[in-house]
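What follows is a set of structures to go through.
Same chain, two partners: chain A is paired with chain B first, then with chain C.
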Partner chain A sequence: MAVRHLNVEVRLEPGVAVLDLMGEINGFAEEALNAAYAEAEAKETNTILLNFEGVDYINSTGIALIVGLLARARASHRRLLACNLSEHYVEIFNITRLSDFMSVFPDEESAVVEASVS
Partner chain B sequence: MTDPKPARTDANIRRTLADFSVPSEPGNERLAMETVAETVRDLDIRGENLERLKTAVAEATMNAMEHGNKYRSEVPVEIMVLVEDRDLMVRITDSGSGPPPAQAGDVPDLEAKLEGMQTARGWGLFLIKSMVDEMNITGDDGHHTIELVVHLGAEGGK
Partner chain C sequence: MTEQTPQDETREEEKQRREPRDAAYWAHYAETLKVTGVAEGATNINVEGRRAVGPLQGFGKLWQKTYRVSLEDAEVTPVEVIKTWKENYKDFWPEGNLFYAPLAGITPGEVALISGSLPGGVKLSTGVMVLYADDESFSLMTPEGHPFSGWITFSSFEEEGATVAQAQVLMRANDPLYELGLRMGGHKMEDEMWRKTLENLAAHFGVHEPVETNLLCVDPRLQWSHYRNIWHNAGIRSALYSITAPLRWRRNRVRQD
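On to the complex of A and B.
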């Protein structure tokens, strides 16, 4: 079965840099994810939003990569948000307690509204 | 991957639904996951419970390929899917040696990971244990087996 390597596009919305994630978040995703996060940091916003709409698979190595992004965000006093996770991955973010440290929104619109008022 | 063998009956109440293997190559956990999902499509496991089983199978196969077989592609991970009474069992076996982990599946300390005091990794067994009704790990000199159990029916799954 062919691995769907992660592709990430970075864009700027009012007050928030958005990472559009497309593909699988696994061990192969590390370089693309870290490069995109660095590009988002360069936008100099206080909030970075991970948009999981195009993601259909996250494994434990992918969870570790997201923990790494969260650690970077905390170190630089940025907020990291997530949106468009499937019901299953919302559960995984809850049981891993990732959602205690990064707010999870059902869609991009509600996440951007939150980013703009905080 | 070897082809799943046709179902056979081992005893009055235990049925083997599939018996196959995958090479220990990165990404093949998805092949194992999708093959198990296809195997159980006619059983009483749907929706979120099926997604949980798929994640558990993928993580257990990853562990077997990485820690047991050291990603040697010529060393396969063996996977059996069985039904006994109202239990679905998936047994995933690698060629690792040494004792199985004693404290398998403890809750990782996310705060320590975020502070850099622990590696960001180490989620696999915790995820597996969280996704199924039972997780049993056994081993001998040449093999480790992780058994995933899901109780079928209205109360099945976590």
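On to the complex of A and C.
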């Protein structure tokens, strides 16, 4: 099985640090994801947004990595949001019950608006 | 054999574009768990109708526990390891715990029943749902009432030229009573169980290497808002079920008469 590694770009929007995720979220993504999250934390925003638009594969190890990010966000009293999940990944967030703890937005604009009003 | 037209190819490409590559590996969403067929000896009192819960829904500290063994001396690929693990899952469990595999095997969405024991010798009837399964890994998710709320991911991969087998548990104790139990010997029992499981798997391939254990507390805080999970506690319910067995027997006798 050919593995496409995860690339993450971090950028700052008003009040939100956005992580643009591109590729596969699996066990190999741990280093890239944690490094990008640390970079986002350094931007000192109250909200970090995971943009899943470029994600085309998530396995159960990848979902566990996202749980790890949620724990880090909770520890530092930050909100972790998600946007641009395909219908399939929305279902996975529901099955794994990540969506109980993480607000999911259809697009980046609505997530940024939510972050700015709360 | 008919030749594919450009339209067929476009339709196929469109289908592949719409359906992610991981779609077949995940269970479908269901509000509650449904057990299809209860094996002889299994008890389905704490699984049917319960919701599956992940590490975020539990009460206790969030732990990531990793157990791994190198299969360096065995000529075996990660795909072969996982195939063997799925097919013989129950045989690798240590004695005293019974895993009633689903009829369809370890496939996404299937539910298995478990009979085990808690610290203090309390018998426990619970289960797991197969959350994810591909050729190189599979994950099980626990139901409400299980001692812990979380996922167990079994995987195999190449590392420095050797095939490695790994079990990784991401969990919180489901309620305050279980959290106490885990602190009073439960963690040790659980660690021993997975170590033994990996030893048994390695022995199947003729390997007798030590199992490495890595325990990481991801979130030390308790989630007090989830203390009510104790309502579903499978240990308490299993004990009550055992205590009331004579009453059920008498009731059945009366009905037969």
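Throughout what follows, the second predicted complex is superposed on the first by the 117 of 118 C-alpha atoms of A that agree within 3 Å, B and C clash if a C-alpha of one lies under 4 Å from a C-alpha of the other, contacts with A are read in each partner's own complex, and residues count from 1 in each chain.
The working rule: a residue touches a chain if its C-beta (ideal position, glycine included) is under 8 Å from a C-beta of that chain, and two chains touch if they have at least 3 such contacts.
All values reported here derive from a predicted model rather than from experimental measurement.
When both complexes are superposed on chain A, chain B and chain C end up clashing with one another. Residue contacts after overlaying the shared chain place A:D56 against chain C, while chain B stays out of touching range. Looking at the shared chain after the overlay, A:G27 reaches both chain B and chain C.
Once the two complexes are laid over each other on the shared chain, residue contacts for A:H77 go to neither chain B nor chain C. By the touch criterion stated above, A:A64 is placed in contact with chain B and with chain C alike. Of the two partner chains, chain C is the only one touched by A:N94; chain B is not.
Overlay on chain A, chain C versus chain B, candidates 79-87, 115-123, 187-195 or 223-231: the clashing stretch is 79-87. Overlap of the chain B and chain C contact sets on chain A: residues 1, 27, 57, 59-61, 63-64, 67-68, 70-71, 74, 88, 91-92, 95-98, 100-101.
For chain B in complex with chain A, the touching residues are 26-31, 34, 48, 51-52, 55, 58-59, 62, 108, 110, 113-116, 119-124, 126-127, 130.
The touching residues of chain A, when paired with chain C in their complex, are 1, 27, 56-61, 63-64, 67-68, 70-71, 74-75, 86, 88-89, 91-92, 94-98, 100-101. By the touch criterion stated above, chain A contacts chain B in their complex at residues 1-3, 24, 26-28, 57, 59-61, 63-65, 67-68, 70-71, 74, 87-88, 91-92, 95-98, 100-101.
Residue ranges of chain C in contact with chain A, taken from their complex: 19-23, 25-29, 52-57, 62, 64, 131-132, 134-139, 141, 151, 153, 155, 157, 168, 170, 218-219, 221.
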